[in-house]
Amino acid sequence: MADVLGLYNYWVVIVLMMTGFYIVVARDNLIKKIIGLSIFQTSVFLLFITVGKVEGGTAPILAEGFDVYSNPLPGVLILTAIVVGVATTAVALGLVVRINEEYGTIEEGEIHVQDVEA
Amino acid sequence: MEEHLPVLVVLVPMLAAPLCLLLRHRTAVTGFAIAVAWLTFAISVLLLLRVLDQGVISYELGGWPPPWGIEYRIDLLNAFVLILVAGIGAIVATWSPASISVELPRYERHYLFYTAYLLCLTGLLGITATGDLFNVFVFLEISALSSYVLISMGQDRRALTSAYQYLIMGTLGATFILIGIGLLYIMTGTLNMADMAVQLEGVRDTRTVLVAFGFFVVGISVKMALFPLHLWLPNAYAYAPSVVTAFLAATATKVSVYILLRFFFTVFGHEFAFGSMRLWVFLMPLALIGIVTASLVAIFQNNIKRMLAYSSVAQIGYMVLGISFASVNGLTGGIVHLFNHGLMKCALFLAMGCIVMRCGSVHIDEMRGLGRRMPWTMAAFVAAGLSLIGVPLTVGFISKWYLVLAALEQGLWPVAALVLLSSLLAAVYVWRVVEVAYFHEPRAVDGEGAITDAPLSLLLPMWALVIAIFYFGISTEATAGIARMAAESLLGTSP
Amino acid sequence: MKRQSIPRVAAKLLIPYILLYAFYVQWHGDYGPGGGFQAGVIFAAGVILYAIVFDLRACQRALSPRIIHLLMPLGLLLYIGVGVAAMLKGGTFLNYSVLEHDPVHGQHLGILLVELGVGTTVAGVMISIFYSFGETVRS
Amino acid sequence: MSPQTAIYVAVGLPLVGAALVVALRRWPNLREAASLATSGALLAVVLTLLPGVQAGGRPEARVVEVMAGLWMAFEVEPLGMLFALVAAGLWIVTTIYSIGYMRGHHEVDQTRFYACFAVAISAAIGVAFAGNLLTLFIFYEVLTLSTYPLVTHHRTEAAMRGGRLYLGILLSTSVVFLLFAVIWTWYLAGTLDFRPGGILAGTADKGTLAVLLALFAFGTGKAALMPFHRWLPAAMVAPTPVSALLHAVAVVKVGVFTVMKIIVYVFGLELLTGTGLSTWLMYVAAFTILASSLIALTKDNLKARLAYSTVSQLSYIVLGAALATSAGVLGGSMHIAMHAFGKITLFFCAGAIYVAAHKTEISDMDGIGRTMPITMTAFFIGSLSVIGLPPFGGAWSKWFLALGALEADKAIFVAVLMISSLLNVAYLMPIVARAFFVAPSETGPSDDDEGALQGTVLEANGGSSIKEAPTFCLVALCATAAGCLALFFFADELYQLLTPIVKP
């Protein structure tokens, strides 16, 4: 039990990941899909961050009185990944705006109906 | 500058992309982008020559030695893929100006197109050149984001929904890869591929590595559109502007196949991936089902771009099939097909682009009598189509030869038979177009004047590819020869 | 929100400090937590707050989209330029050590310039995304 | 010219000819002159190779290494020499004939016709001189593709369907079976070179080799072994010169030539006779001989009847190869030449009848011998040669085939050959008989039919008008008919040329 609870950070990651994934798959609304995608990505960010944390460590800046530091690399990587995620969201939202202009809806089912009719 | 080649090949297009934004002037941007694309190609050629001469080249970014810093590591395999990507990039860029002025009338700001195009090129080249796992992810997203934008520029509004669909699938795939990278980082504490291969010794059989392995398999399969994770591809290719389709079809999925090779052979090692994990049990059936199913679906498409897109899914199957043999001949077949298919699919989609330009559509009914109206375009289509079928003297034959040989080597003669049978399916869908184009009377033209052949600026790049298809179908030292050496080094059997 | 005075006053008070803080984060990046990404986003947040409170048009008068469109490529060029400069000085790409006569100075200069490039681009991108969405909503 | 250069020139010359034809498309007379000149030059070049080969030389030429260890390479040996001579020689005659036919018939797209024709000849020469299986396969496929535009020349719905069947069968058999077999051979033997005595002996067990032989035999769709023979009748939608040269000579002969070459130089006669691997192939060939002769009997369309006759005759050659005895192989090889001359004569005549009288059905040809005596005489000669009666060439090859069957202790195939000869008589002689001895039907198209085209109109005794095909056609078909006769007297030369392939 302690093992399971002790790894709570991983559980958070897994729950978020599955939630996000479920939203992407199950929702019909294009915006909601993007939200799901963001949650999904965020869970991965958390995974990286949690890996970099060293028990009792501090921010990796050389200073008097500290000799345990957290691993800075995952943080840096995730910063990049966050930027990538933001860019993805922006492009996705841009696409949704254009889809809304062309189809007048952002529900996937309705768009499909329109495509089939066309 | 010689020693900077590994980074220059990525840097040149990357530097040119923002410059396009600053230049703005249409003709200037077009000329600039074409020049940059050719420069990149020249660099990639130099790079390959250097690798052939000196062996693996390692380049430390920022002067930090690997495994701490980011390393660009060029061996035969990625030098070969770089040439394909940069070469296609250059040819398609040269082809593009006349086509986008017809297909992107709404985009008066053409410099945006070229910016996205160069960024996409940067991303694909970056994935290939880097020796750092996280860098792969970043470049993967750079290329993917710019390709979403490029695809959404299509005239049909379905281009938007297909770009959206691709975005969702692509992001999921890339995130899966990122998870895999994270898990491997947990186990090894390094992101350098060569170093990771060493660090993985001893921890290969831990659960974390196995899970990472699984995430990689799924993520990469999405990215390279392996059946049944290919659903994003047909629409994206069908509705994107022809330039974009030609470029992406010839490069994007190929680079994903490269990632597959790199991860499973260099990082995990083939004994692990194909020996103890038995990856082939997963890849081979999917590849075979993909080949047959996608080819069958292609036969029933009336939109020819969509037909070719399904054919791409099938062709990815060939590459994966070759890889799943995990033998020298199989890998040679897979790698050489990666290159060959890039050439022929690009030529086919460029032909489609010429037809879109003259007829406005690539519906099969529009192609009636085009054999007479656009003889050069259709001749190129037929030539590249023959290569798709795998007729001797074309590159397609070479790929098929190695694949069948590899299958026979392992005693898998039904697989060999299936590979050959499926080329008949390709014959069916290519010949469907040929019959319509050469045997049906042209559609009555309502007063707009007769359709004539595409202008020379479109024909020349396309025919350059067709000539390459035949050249590399006859003399394969430069393709199959290098692919074979790359395969041997991946399998660790090179002398 | 034009008519609501509390947000207006609060924004007027806050925005200078937000921008200032952005610069702090920008230049302090090599001594403590911070750097171009964060600084760019904070800077953009300040601008976006202004646009939300005082209307997009007013914001665009203050910071014209044309400038923003210039910021994005310029930041990227600065970043790559530093790398290329290092190459021209005989190091590898982005090897700051060769930028100055001694490596420590070189590293300082290099990272500052690179982060400035990153910050410029990020700020430019964030603001321009906001502008383009804002414009579509209005039209 | 060194032999090596001669090989390159022989393969390349027709391609140059094709380019010339395209370049001269605006000047039809020059264009045809180019075709003729090229064909003449080709024969001359091929003839320069003959003395060397007769003296036992095997000139080689390596072009390019296609894949590691796999060359596109040429090597001239007697069998290939014979085939190249036949193809090059008949190309001249067919060109002459085509000029008469195509012009007399006002065909469209003549440039494409002559150009594709030249490419097809180049491919046939390539097959003849191929030094290994890969080269042979490459030119085999080039031949398939370059003849497709010829088969579908008219671009009608029927042409399209015929072309679909043509390409479908030839491409699928070659890609699925033949290529499979080639790669398998490469895997087993590590070489694809044609070597006297074969390369497969001792590389695999008997079962594997049997499967391999089946793949080769059926993969060579051009040999028209049943059940893969349907393309040949389908290809009859083509203009007659195409049917004549390609479907009586080049294409089908490439098929049987391939089978012959594979049996002699890949499997080796000893391997086959020692293991009896090819026995089943003899029965398939025998079945094809009889069955297609019977089908030919039922056909009223002259070209269709000739097509099925071709299917049957091709299996003579396959039978000869499958017997794998020296007389059988020699007989089969000789039959390549003998049948070529006989059958091309028959097709020329069919075309001449079509041009001059616009008749395609045998039942309409009553009394046509009275208006077209020269044509029908040539037809008679061709028929006799195909049936195998002296003094025409076909007699010799049948003789050797029968000898081969006896040598292999398979007397049953002698019977098959005899029955087949009777069937030949049954489906060819009635045509001649109708032409000469039955009075023309009153309802048939009269002389002033608008379809009747300019021909050599002569007033003969008794008021019945002689209305022959254009002179070009007549010259050609007389030449080939004379060839049938000549081959009977020069058979020994052929025999001497071919002997080394069975007695190295």
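The letters A, B, C and D name the chains in turn, as written, and every chain counts its residues from 1.
Note that in this section a contact is a pair of C-beta atoms (placed from the backbone, for glycine too) under 8 Å apart; a residue touches a chain by one contact, two chains touch by 3 or more.
Quick caveat, the model's predicted, so the values are computed rather than measured.
Contact count check for A-B and B-C (C-beta pairs in contact): higher for A-B. Subunit D has its Cα centroid 79 Å from the Cα centroid of subunit C.
Chain geometry summary: the mean Cα position of subunit A and that of subunit B are 28 Å apart.
In whole angstrom, the spacing between the mean C-alpha positions of subunit B and subunit C is 36.
Averaged C-alpha coordinates give centres for subunit A and subunit D that are 70 Å from one another. In subunit D, no residue touches two or more other chains. Subunit A has residues 87 in contact with two or more other chains.
Residue numbers of subunit C whose C-beta contacts span two or more other chains: none are found.
Contact between chains, as defined at the top, is found for A-B, A-C, B-C, B-D. Taken together, the subunit B residues at the contact with subunit D in this complex read 386, 389-393, 398, 400-402, 404-405, 408-409, 416-417, 420-421, 423-424, 427, 431, 435, 438-439, 474-477, 480-481, 484.
Looking at the complex, you find that subunit C touches subunit A at residues 31-33, 35, 37, 122, 125, 129, 132-133, 136. By the touch rule above, subunit C contacts subunit B in their complex via residues 69-70, 72-74, 76-77, 80, 83-84, 87, 91-98. Subunit A makes touch with subunit C in their complex at residues 59, 61, 79, 82-83, 87, 90, 93-94, 97, 101. Note for the complex: subunit B touches subunit A at residues 134, 137-138, 141, 145, 148-149, 152, 157-158, 160-161, 163-164, 167-168, 171-172, 175, 178-179, 182, 185-186, 191.
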